[in-house]
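Each structure below is given as structure tokens.
Next come two complexes, and both contain chain A; in the first it sits with chain B, in the second with chain C.
Right, the complex of A and B next:
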């Protein structure tokens, strides 16, 4: 066995496939683990964001020394007219007339400039007028600060809390600069974000691992069923062989993918967990492994070493395990590799049809393709939402198939030089 | 033709041979493969009677059904029709235990040593299997080692050099001899050797035949050679069966069959083998 493994690594094709595959696997394991985000964490606003380096606006403002003067309004309210509503002007006139001794009728709502002139000259935010409760006093102080900022022509960013009050924020104007070094969080989205605002790279790499796991489960299911039935059918022959061959033929005649669609559809959304879908893919893929193993066993069981083993008094299960299985093992490994690669593709196809695994916890490559389609990534030109995924699927299938071809050349010497 | 064949072969006393107890007897043994249009009658109602310590050769062209007959005799494939008697009792190999018992008495050496070994298991396990089959499962490791060493040295191999090796690490000749070491451990009543020498050179061939004959003398076993080579058959055997398309067309003592062949087919076989006209000598066989 060890000898065969060593032999496999001498095949350049196998080696290249193996290197690509292990690199993909390593990336899929390491990157999501080191990534600052959970694969399905929503980071940006909805909408496809192209690949690149991103800075959160909040972070930019937070690095600026906080400006104490201000606090205000809606983000786009940078004009006086927008900042100071008519209602505010009435209130200002009332305040000036009541507390600051401005003659009644002297000020008018239409003449905002005069109102503001008086306000700026007479209002003292530090003085609390008699008869005014603290809350009122503070509200006026805040309003004053807002007004000052608004008058500066400064752009304000502020937040409303739950009660609708404006909370701390920061103001900045066109001459405000921040050194890039001082921006604490520079986010890198090497592959942009998807429509939900999730980092594509983290998501894709973790999806690769999930798809691979699904492929492995499906491959193992298909291979173990195919291997067992193939061994039994080929070795026993007779009625058992006929029965197994009959079932295999039925499965071969009905296209596997149709069967897969029917089964997954009948499972319903609730039944389509990741493992279940993988198992179903495996359940529809075993027949050709079975056929191939059977035909190998048919020729092996007439070999003299099997006869010799019988003559040594070995039981049938032992002969199957010790004298037949090792001879088909390399073949079965090859079949397993192919099964994994077809299962990954099958998952992608199923998911594109909306019959893939129904899960909110993990992404699979197929689901990512489905999301890209659902949110018209193709139409809006958000290539980063599907091209890398297609490449990942292709690369994975390619590396697996390359390994398979390499093994084929090692174990079927007549192919070696072609 | 008598003057053409010169050898030091001592003809067996036929009368004495006929009196020996029978070890394997066949009555209209038939094997049919497939059914319908693809039906092949590989062995067609053959009768035979092999006796203790007799050396038999079954000679025939390729496809004449020799291997099929051998496999039936070994109980590896079923008999379509007819009966096989082992030590004068009807052979019963209906269960695995009975088969195991039967295989303590009948063993084989196969044609192609390269395909006769499981390349995934070590040589030790091959020899240990024999000890186990003969009921030596509980022997001490020292005893087993001793038995395996003895078997190896019988065939001029050194167990210590072979232990922990895989069959593919051996030469074809070594494998063939190992196969005989197996027989040495099993000491069966009957040995079927299906073309045991076709894959080795003339020198190893002589050694192998020599070993088998020595083993026969020691153990007192019946050997059934299966071969294309009528010269070899003449040289080693007491009785020769000529097989054509699943039937025995001629049976008799080696001298009778080869010196005065009755069947046309036998004559053709003899004339096809150039060696038969040359001098036969153990050192060149």
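Right, the complex of A and C next:
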């Protein structure tokens, strides 16, 4: 046994697969444990937030203790009075009406905010208007630049006075900086957040573990059914063999995925727990293992040591377990590995159709994909919501398959790449 | 020829039995739902809020009870079900009430067939050629190609679909972002409509081709390597037979398992592609299945799964017929009879 394991590690394919797989597994176990959040904890506002560092908005404007803080996005008319003279405003209105097609009489000198609004929307400093001399054009561009500087960063901290009106407390400009260490609420989302405002990385790594566990359950169910049926069918032969082979053949042709859809749909939303769905996936995936084990047992059953065992009067279960099982063991391990990888994929596909595990406690890779497509992450360009998940699924299946191929080459010398 | 007839007769019979089992599963599995199946179906349809028209549901319910003889014993119900299936009568949809299910399925299966059949065939041919070339050339081509192909073959079809959409439709704007044709068009025969369909066809088609290539190339490569190392090849080389002649035999022999492999992998392939279809909002069976699952539209789900199963059975039967013609061993076995 030890010798076989050692041999497996000599295969470079197995080794690479094993390294990828164990690093994924280690990341999935360690990171969520160290992460400051629960995988499904909602941290930010809804909406996909791109990867990066985030500062809580409170911290941004928390400069001095005031009872109310607010950001004034709209331009304050009084403040503007200090920047732009009435004459300038008059000129701006003239310009807007003459060159930019704003209806005459629509704007007035008293309503500076509207003038500024129109100006910012319609004035294009790069466009040269016909019939305007160069000096004039440059004067306007300069004025525009001045105006932008004056308007920039008009964030005003206000407090509420006795009558409940907001009063300007303190303004601060674009030259005020705070060291990032002094800000309390700095969050780092290496992979951004999903549409619910949950940290993608924590969620994805913990989902990987859940998916892997589902794969393992499904794989164990499928392999144990397949192994048992294959052993019995191959060893007993005769009618039992015919019957089992018949059923197995039927289920290899009837697509397992369709059966999966039918069964999970029949279970209803309440019945689709994580474990139940994994077991169902396992229930639809056994025919492969059964066929392969059966054909191996068929060739083993007339070997000398088995016949000897029979002559010695050993019971059938004992012969199967002691004399046949060890020979198919390596194959069964390989089949299990393959089953795990297909089960992870099956879960993802089921979840995409809305038939995946119905749970609010854990995320699975499939559910994450379902959420990403439901909120059309790809349409809004939120690649961080699906590319890492797809990569995780693919890498997991890839590493498992590499391990399987490596093992196959160890135990099947004919397949070795000379 | 008589031998062939027996061989195909046996195959046909076996597929009929399988079809019967598939029908039985399709009938009995949903009826294992706890409680009254119709009530469960209706409550599921109502619960999701997809169907607002309670009147329609009641009508469908009554129609269902009558049409499927739900007041009769189970074996009798099954017979009624079989009769309805033979007639192509799957009842009416819950979601699109007066519309018969066979109409909905008939439309979407056409789109699915038009997409998946060519995609799988093209992918199979390209994949096998690539695998054979990799096995023959080995060295750099093989070393560089294999890890990529192995990785690609493990990317789920729907995953590749989303990435393709994001890259080529959203970011680069080369292709439309989904659907089977422009959303402001009604299917009809015209040059504009055909062009629109063709433009919408590209992304789903190449996604499926790409996915198929990965798995097929790996299988073909290892089969070819296995054959290239076989004794008959070594013997032929000792005899001094030309390499090109040997290669022909090798690939022909490596091909046979690939054909049966296709038959067995077809179910999983089609399943994966159907999920990918939903990503592209391609008007095929995938989106029909998805919307009926969301809306609890039981009659459509039942019919859709049945149709997919039947299609896969037919494809398998077809592959087996071809296989019978190609495999010299089967020919030999039949001639003995």
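The rule is short, and it goes like this: the second predicted complex is superposed on the first by the 298 of 418 C-alpha atoms of A that agree within 3 Å, B and C clash if a C-alpha of one lies under 4 Å from a C-alpha of the other, contacts with A are read in each partner's own complex, and residues count from 1 in each chain.
Here, contacts are C-beta pairs under 8 Å (C-beta built on N, C-alpha and C of every residue); 3 or more make two chains touch, one makes a residue touch a chain.
Everything numeric here is computed off the predicted structure, so don't read it as measured data.
With the C-alpha superposition on chain A as described, chain C and chain B fit side by side in the combined arrangement. Greater residue coverage of chain A by touch, when chain B is weighed against chain C, goes to C. In the superposition on chain A, no contact is made by A:99 with either chain B or chain C. Look at A:304: by the touch rule set out above, it reaches chain B but stays clear of chain C. Applying the stated contact rule after C-alpha superposition, one finds that A:187 touches neither chain B nor chain C. Once the two complexes are laid over each other on the shared chain, residue contacts for A:314 go to chain B alone; chain C is not touched.
Within the superposed three-chain model, A:355 lies in touch with chain C and out of touch with chain B [touch as defined at top]. When the shared chain is aligned, chain C comes close enough to touch A:373, but chain B does not.
No C-alpha atom of chain B lies closer than 7 Å to any C-alpha atom of chain C in the overlay.
Of all the residues in chain C, the ones that touch chain A in their complex are 14-15, 17-18, 21-22, 25-26, 29-30, 32-34, 40, 44, 150-151, 153-156, 158-160, 162-163, 165-166, 170-171, 177, 222, 225-226, 229, 264, 266-268, 270-272, 275, 278-279, 289-290, 293-294, 301, 305, 308-309, 312-313, 316. Residues 71, 74, 76, 96, 99-100, 103, 107-108, 110-112, 115-121, 126, 129-130, 132-133 of chain B are the ones touching chain A in the complex. Taken together, the chain A residues at the contact with chain C in this complex read 249-250, 252-259, 261-263, 265-269, 271, 341-342, 345, 348-349, 352-355, 369, 372-373, 378-379, 381, 383, 386-387, 389-390, 393-395, 397-398, 401-402, 405, 414-415, 417-418.
By the touch criterion stated above, chain A contacts chain B in their complex at residues 1, 303-305, 307-316, 322-323, 326-327.
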